[in-house]
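Scrolling down, you'll hit the structures one after another.
Paired with subunit B in one complex and with subunit C in the other, subunit A is shared by the two complexes that follow.
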Partner chain A sequence: MFKVKLTQLNALLDALAASYPVFAPIVEAGEANYGEYKAGAEVNLFKQTVKSAKDAFFPQSQDLMKFRTEGKKIDIIDLRRDIAPFVIFGVRACDVKSFEILDRVFLSEPVDTFYKARREKGVIVSLACAKPEESCFCTNFGIDATAPKGDVTTYTEGEYLYWIPNTDKGEQLTEAAANVLESADKADEKAVEEQKKRVGEVLRRLPNGDLDLSEFKPEKLNELFNDPDWDELSQSCLGCGSCTFVCPTCQCYDIRDFKTNDGVKRFRCWDSCMYTDFTKMAAVNSRNFQLQRFRQRFMHKLVYYPSNNDGICMCVGCGRCVKKCPISMNIVKVIKKVGGKKHD
Partner chain B sequence: MTDHEMLIPSVGVITDIRKDTPDVKTFRILTPDGKKPFEHMPGQCAMLSIPGVGEAMFSITSSPTNREFMEFSIKKCGCLTSWLHALEVGQQITIRGPYGNPFPVNTEFKGKDMLFIAGGIGLAPLRSVINYIRDNRADYGKVDVVYGSRSKDDLVDIREIQEEWMNEPDFNVHLTIDRAQEGWDGHVGFVPSYVEELGFDTNKTAVLCGPPIMIKFTLASLIKLGFSKEQVYTTLELRMKCGIGKCGRCNVGDKYVCKDGPVFRFDQLDELPNEY
Partner chain C sequence: MQELENLMIKKAVELLDGGVVDRVIGWKKGEFYYDNTPATFYKKEELNDFVYNGFCGANLSKYLVAESKKGGKVLVFLKPCDTYSFNQLLTEKRIDRDKVYTVGIECRGHLNIESIRARGIEGVVGLEEKGDEVTVKTLYGDAKLKRGEVMLEKCLSCKTKKFAHNACDETIVLHEMPEEDPNKRFSMVIELEKMTPDERFAFWKSQLSKCIRCNACRNVCPACTCFKCVFDNPDSGIAAKANDDRFEEKLFHIIRSFHVAGRCTDCGECSRVCPQNIPLHLLNRKYIKDINELYGEYQAGAEAGSRAPLVDFREEDINPGENLKEGK
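On to the complex of A and B.
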């Protein structure tokens, strides 16, 4: 274990940034979001980022290819470039877990090479939660916020940031920051252990830390789909899509063409199943009503995805959607209402 | 499909355009060096695009037994299809695929008497499997085709149907149009009632393709005739962007139509939420 004074956080990031592009929670207009670290940037490890860390591997907007046309001819230009190893710093346990969930989508056959290229080059420096929020409910999904995985695990306690490399990639990163990191001693290890214990107690008392998910079984798919409560739950949904954009596991995307001065660029960007045109075709739309779109999002997370992925839910309980929804509707309420009764 | 091809298409050249009906054209696509773009099985689809306009999934109309080219019968009904209809021979487009699961031509269909029922542009995916059966005739039993359209001018690929299918041994083709029309002495009426009128033997395996309303009523007609849902296949069509089960658009229940479909049996569809 190593340590660095929190007052020296920028020095640590400067040391890492000398060898890698570093993405860290940077504060802008009072809100933290992952962004590329530049010397002197205000990094805040205590605020939850508004958007999740999925941007690192599945960017909000990403160029796929370019077309140049001349007369009747088309040239297709591959825009994939080699990606240099990069660091994503300060990832909480929930977001670390979200990468596993995204992997099951993007790395299953046929592999999404755009995602894979970034995923392989990302070095994850995770950060244990020192102060879980009221909106957190990660404990429902087998996540221990006091012991996040990643290539390096860090803790903020007292004056220090503690640094524990877990993998070869993590060891290499430790070397890159060797001038800034100092060795930790027994007392430091004790401080971390005490934090884990203290925070563990807080996690056990989270207001939504012990939800009953047992009703969301793949074999009850149609019964859950036909639950009459979807109507009431979805009534006030504005279809704004905020929940999907802040969600670490929402992975639906759009592919669009954009005309530039130098041909046509085809890019993909995050999309939302909450939007009216998500399933719209020339003649028909398979999900015409907000009820259907609302239901799709939660059924996908709680039933469809688990059905294809060994029962794993497509939610990590980060609580971002809980905080962002303009009408205070969220997956916790859905789990309580729909999951709170038997579907036979 | 290799990793390299993921979402990145190849160039295809339109080498022939046939106007089948007032709103359906059949496009023949080759690679720039004159080859078939890729191999496929009946029922599989491909993503076609015009850069700057968009990309969409289309069923491959030609049979895999056609070694020379690939054909797509496309109805003009939205943005991309309107652009496609405005293209000329020699124009390049982009193509990627094949996507989806084909009809079980080498398993469940083998040795069976087949009943194909199509409405309008619904013939497009069926033409692939029907011609595949014609080219592997010994492997299949008798074939019946019921094909209906709004008018005689809306029957897609009528030349091939009349000149080739109707002359094929053990092939029965039953055509119908919705309303009586001058110059048409064939059957007049909707497909579902025509199917009931014809009254098929229930030892057949049926494949249904057409507009949703036609599918719904024709399935009911088949059930009435004594068919079970395990004997009837169809194809689903939903909005798609990626074609590989990741973009989320064609998700129905725990299935993705692009990857797990587009071919489904009706008993399989019963297990999915009714949202297609």
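On to the complex of A and C.
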């Protein structure tokens, strides 16, 4: 284990940034979001980022390819480039877990090469939670917020950031920051252990830390789909994309072509099942009401995805949607209402 | 607050029982006191979950656009600022007045959970409001706050607590509602006006670069009631889901704010719902201030059916660019 004073956080990031592009929770106009670290940036490790860390591997908007036209000739220009190893710094346990959920979508056949290229080069420096919030419910998904995985695990306690490399990539990163990191001693290890104990106790009394998810079984799909409560739950939904865009596991995207002067640029961008044109097809739109769109989001997270992925839910309990929904409707309320009764 | 809530429930029961209305739009209790959800109640038993506390900032008037297309009559509770949105929607013929029963309710300004969190008070699992004092229960102990410290921005700079003309069929007001200092409303706009163009550009660049284009501001806005927004129309050529650079969304916000200029009642919902806390209301307030200065005081929604200065030509109207000339 190593350590560095929190007052030296920028020095640590400067050291890393000398060898890698570094993405960290940077405060701009009052809000923390992951962004590329530049010397002197205000990094806040104590505030939950508005958007999750998924941008690192799956950017909100990404160019895929270009087509250049000349008369009847069309050139296809591959925009994939070799990506240099980069660091994602300060990723909480929930967001670390979300990468596994995204992997199952993007890295199963057919492999998404754009995602894979970034995923393989990302070095994850995770950060244990020191102060869980009431909106947190990660404990329902087998996540230990006090022991996040990643190539390096860090803790903030007292005036120090503690640094524990877990993998070869993590060891290399430790090398890169060798001038800034100092060795930790027994007392430091004890401080970290005490934090884990203290935070673990808070995690055990999270108000939504022990939700009953047993009703969301694939064999009950039809009954859950037809649950009359979707009507009430969705009735005041604004149909905005806040929940989907702050979510670390929502991974639906749209692909569009954009006409340029000499051809076409093809890009993809995050889409939201809450949007009216999400299922617009050549002839019809299969979801014409907000109820249908709203239901899709939660059925996907709680039933469809788990059915295809060994029962794993497409939610990590980060609580961003809980905090950000303009009308305070969220997956916790859905789990309690729909999951709170039998569907036989 | 409890007394007020009881009276509102009593009124709802009375109107449901009497057959005056067949449903009620109000707020439904959440899990933590602060996470109330706008909801429609059809039966009086459902009103057990009805709530009116300091976290009912959501403006219910826009829901009436959809509700008044349905049969029957709906009871809606409107805070003073919401009544301006209601009148504006009547002016724009988006609500069928005959299908709505409006009850104006007392407002002491609503609270903002994000302001509470921003004070380092995290893990909020419950609150208590008593007069001007708010006691916050958290996972890490209790904290006491003054109401005025943690109100929503739209309430801190409240335009008025007078109900808009003729908007309410009746009102439930138990206490006098003190007005906020009227200078607060435009103080930030004045700050922005004082900046150099470069400073102002830097301010908006920093703020609007946070936008994630979730469209919450548009979808909540009572002035944004186009059946199909141009930005949702794939045939419009301005497909809206991706930006080329982070500051590109400025165009969306500038276009949207101009589209609602003269119709925006300054209800402040755009800023309340923004997940990135972008002070979008400042764009609208700038136009309101300009309209006031160029055409005389005007409050959208004050009077249903009124003609707004921007759609009402008069010979004495100021000529374009006149205000920008030397010495003006």
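Miscellaneous remarks
Definition applied: the second predicted complex is superposed on the first by the 342 of 344 C-alpha atoms of A that agree within 3 Å, B and C clash if a C-alpha of one lies under 4 Å from a C-alpha of the other, contacts with A are read in each partner's own complex, and residues count from 1 in each chain.
Keep this in mind: contacts are C-beta pairs under 8 Å (C-beta built on N, C-alpha and C of every residue); 3 or more make two chains touch, one makes a residue touch a chain.
All values derive from a computational prediction rather than experimental measurement.
When both complexes are overlaid on chain A, the residue A:Ser328 reaches subunit C alone and has no touch with subunit B. Of the two partner chains, subunit C is the only one that A:Val50 touches; subunit B does not reach it. By the touch criterion defined above, A:Gly311 reaches neither subunit B nor subunit C. In the superposition on chain A, A:Val246 makes contact with subunit C only, while subunit B stays out of contact range. In the superposition on chain A, contact is made by A:Pro207 with subunit C only, not with subunit B. Of the two partner chains placed around the shared chain by superposition, neither subunit B nor subunit C is touched by A:Gly340. Look at A:Gly142: by the touch rule set out above, it reaches neither subunit B nor subunit C. In the superposed model, A:Gly158 lies in contact with neither subunit B nor subunit C.
Of the two partner chains placed around the shared chain by superposition, subunit B and subunit C are both touched by A:Lys280. In the superposition on chain A, the residues of subunit A contacted by subunit B and by subunit C overlap at 254, 256, 268, 271, 280. Subunit C contributes residues 30-32, 34-40, 58, 63, 113-114, 122-125, 138-140, 206-207, 209-210, 212-216, 218-220, 228, 232, 234, 239, 241-244, 272-273, 275-278 to its touches with subunit A in the complex.
Against subunit A, the residues of subunit B that register as touching in their complex are 1, 3-4, 6-11, 51-55, 77-79, 81, 88, 90-94, 212, 237-239, 241-242, 244, 246-249, 251-254, 271-273, 275-276. Of all the residues in subunit A, the ones that touch subunit B in their complex are 64-65, 67, 69, 72-76, 78, 105-106, 110-114, 116, 218, 221-222, 225-226, 251-257, 259, 263-264, 266, 268, 271, 273, 278-284, 286-287, 292, 296, 299-300, 303-305, 307-308. Contact residues of subunit A toward subunit C in the complex are 28-31, 33, 50-51, 60-61, 131-134, 202, 205-208, 232, 235-236, 238-242, 244-246, 254, 256, 258, 267-272, 275-277, 280, 322-324, 326-329, 332-333.
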